[in-house]
Amino acid sequence: MGAETRQDRFERGSRVLGAVDGEAGEKVIGSLADISPELGHQVVAWGFGEIYSRPGLAPRDRQLVTLGMLTALGGCEPQLEVHVNAALNVGLKPTEIVEALLHSAVYCGFPKALNATFVAKKVFGERGLLPVEAEGAASPA
Amino acid sequence: MGAETRQDRFERGSRVLGAVDGEAGEKVIGSLADISPELGHQVVAWGFGEIYSRPGLAPRDRQLVTLGMLTALGGCEPQLEVHVNAALNVGLKPTEIVEALLHSAVYCGFPKALNATFVAKKVFGERGLLPVEAEGAASPA
Amino acid sequence: MGAETRQDRFERGSRVLGAVDGEAGEKVIGSLADISPELGHQVVAWGFGEIYSRPGLAPRDRQLVTLGMLTALGGCEPQLEVHVNAALNVGLKPTEIVEALLHSAVYCGFPKALNATFVAKKVFGERGLLPVEAEGAASPA
Amino acid sequence: MGAETRQDRFERGSRVLGAVDGEAGEKVIGSLADISPELGHQVVAWGFGEIYSRPGLAPRDRQLVTLGMLTALGGCEPQLEVHVNAALNVGLKPTEIVEALLHSAVYCGFPKALNATFVAKKVFGERGLLPVEAEGAASPA
Amino acid sequence: MGAETRQDRFERGSRVLGAVDGEAGEKVIGSLADISPELGHQVVAWGFGEIYSRPGLAPRDRQLVTLGMLTALGGCEPQLEVHVNAALNVGLKPTEIVEALLHSAVYCGFPKALNATFVAKKVFGERGLLPVEAEGAASPA
Amino acid sequence: MGAETRQDRFERGSRVLGAVDGEAGEKVIGSLADISPELGHQVVAWGFGEIYSRPGLAPRDRQLVTLGMLTALGGCEPQLEVHVNAALNVGLKPTEIVEALLHSAVYCGFPKALNATFVAKKVFGERGLLPVEAEGAASPA
């Protein structure tokens, strides 16, 4: 990586953002335009261009860590909605996402696990993924 | 306690859940059916069947601890709503609940105390318990 | 400071509250009247009368600390709304508020910085302060 | 309650602090003397003199709420140590404290429940209360 | 899964705990014996026997979510130490763990990312895994 | 700002870091060298080079926001120690820092305010700044 302009870095981040978050990410950045364009720039250029784009951890693995963090932080439902979508976009299965949020109950307690699971329900509903088939459920004969 | 099936444990928890949270609890479990029935199962079978049902702490005392936790965690308004109801169901007086939330300001600060108190206002309003008579207020002559 | 009654302290706090938070603060206190008038009393008499009124830190500096805390706590959007207004009332410039919330991303991460920034956008919009001119942006020739 | 001086309020709080926290509380206040005597004053005069001293919630009930809050907040082990002591001082049984912290696992997750339980272990050890007899354990014949 | 006794479930959990956390997990359970054996039982029988043992999410994926949660919660350094070890035990590479903690800075901010990274440094040091080779670093010629 | 290499950005951040945090900051970066040099790079190049270096908020104002955030987050005592030092370095008076932490009690509660104040006591002690003269205290005659 040689010398890059501010714009170069933004464009690099934009490509990663588009691949991971799709339109939802762009919409967040757009809504920052009249209040804090610099925050929008940094989410893209740094968050995605500098960190997400690194090769040391697979995109699906990054989303697993992210789901864990957003569930634990609490009060981050808008970001969780973006990242449940992102998790599906990069190849996590609906059952894996649901299982990750069940797993979170052990570490964060039921209230935060429930809040996160209801966000997943909203996203899955919008994408026609409900009902999620219970793990090991018998298929209808 | 001898051998129990998964279903036995769920039923044991359901009886405790019904006694503590009433319909509000069942409604939460129902809304998990198409996204994470296992989370619903564990809230009932473990949370209520294994922990709430233990004899070492009175139900009203469990709700006091729970109100404290949910206020401190923040962002758990939906659960706080269930548990303000639960607190009333197991015998805490409205003035005790309000006082517990005032007390929380000392440890969690005013913003979280306010958020929790406004949840209590919503619940008390729905149950016809407003206004809460100020502690030591003179009754009208 | 000699002997003061409870009412004296409330009145002292009310003057500070009015100067800092304006009507938004009074509205919060008013909404507590039927559920926890004592919490309302203590926010005014203690929070504003005892702490805010102290001379050791300028009002604008208190708001900077407060913006940092409310952003970091998470789930305190209603209070953040009051205090973004308060920050403007005591002389912080819109660009300073936006910059403080950008700065918060370094310590709290992007999700909480975003949540706080969208609260600022709501307040600035209501007060006709959008768009916030980007730092160092060229003025139209 | 008529007119009170700052000193009156401090003394009122000191009596409550002594009854609840004993020497541990006084030691904390003492250690603030050279850095923030005002914070020490406010913990005593406001926290204990204004809030703890109110009649609407029994001292043991206040400690149950407090144990819940300090467990949920996390990173408050020094305060938890003071309040596990306080809980014993105002009449909570060791088994009730242990059960409250077990109960916290449902709402806060295991890590915070474990951190709080190890604080209780330290305090109980210092007061010769270990081992805590398991709930319903058979007494030795 | 048919009828199981309390002991059955504990033994099932113990096998999972041993495979994931090794001796570190058993040591935590042992240290609970004189203060809250029931908490130890539930960590094993429920946390590991009921949740970890489910097939819907790979053990390494569970550790990624867990690292994210423990980093975000803050104040859970003892549990993070157990789980950095667990992450290595179930096949995550040191560089993946380090990258996950770098990734956490985007969502939790630098202070929590730093705290977690220093826990990883302690664990890696004990296991002879330092220095972690920088991503893409040239091997010595 | 034209094209910059990764090294250019690191150097720009290093200059800001040195001016704000002094040796304490460099020590933190150094201790990351064998575990996560990239995290160290990003703290410097992004945190200081991109954000701190922006002109829209004075360095002392950035520290006020930062003290508020670190106090509210909890469990960030090592970072708070660096930033109490930084606050002094950029011109905040000891009494302003102490007052900001007293102010934090209103929003975060006493436990977090106490934890932060004891960090300030440690730093002030090391820098020969104790006792902090109480606001408005009479000088000895």
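Order as written gives the chain letters A, B, C, D, E and F; numbering starts at 1 within each chain.
As a convention for this text, contacts are C-beta pairs under 8 Å (C-beta built on N, C-alpha and C of every residue); 3 or more make two chains touch, one makes a residue touch a chain.
Being a predicted model, the structure only gives us computed values, none of them experimental.
Any chain touching chain B that also touches chain E appears here: A, C, D, F. Annotation: C-D is the more contact-rich of the chain pairs A-D and C-D, by number of C-beta pairs in contact. Ranked by how far their CA centres sit from the centre of chain F, the chains are topped by B.
Centroid analysis (C-alpha atoms only) places E farthest from chain C. Taking the mean of the C-alpha atoms as each chain's centre, chain C and chain E sit 40 Å apart. Chain D and chain E have Cα centroids lying 31 Å from one another. Inter-chain centre distance (chain A to chain E, centres taken as mean C-alpha positions): 22 Å. Under the contact definition stated at the top, the residues of chain A that touch 2 or more other chains are 38, 42, 46-47, 51, 54, 69-70, 73-75, 79, 98, 102, 105-112, 135.
Judged by the touch criterion defined above, the protein chains are all mutually in contact, each touching every other.
Chain F meets chain B in the complex at residues 105-112. Those residues of chain E that touch chain F in the shared complex are 74-75, 98, 101-102, 105, 109-115, 117-118, 120-121, 124, 130-132, 134-135.
Residues of chain F touching chain C in their complex: 46-47, 51-52, 54-57, 61-62, 64-73, 79, 95-96, 98-100, 102-108, 135-136.
Contact residues on chain F toward chain A in their complex (touch as defined above): 1-6, 8, 38, 42, 46, 50-51, 54. The touching residues of chain F, when paired with chain E in their complex, are 28, 31-39, 42-43, 47, 70, 73-76, 78-79.
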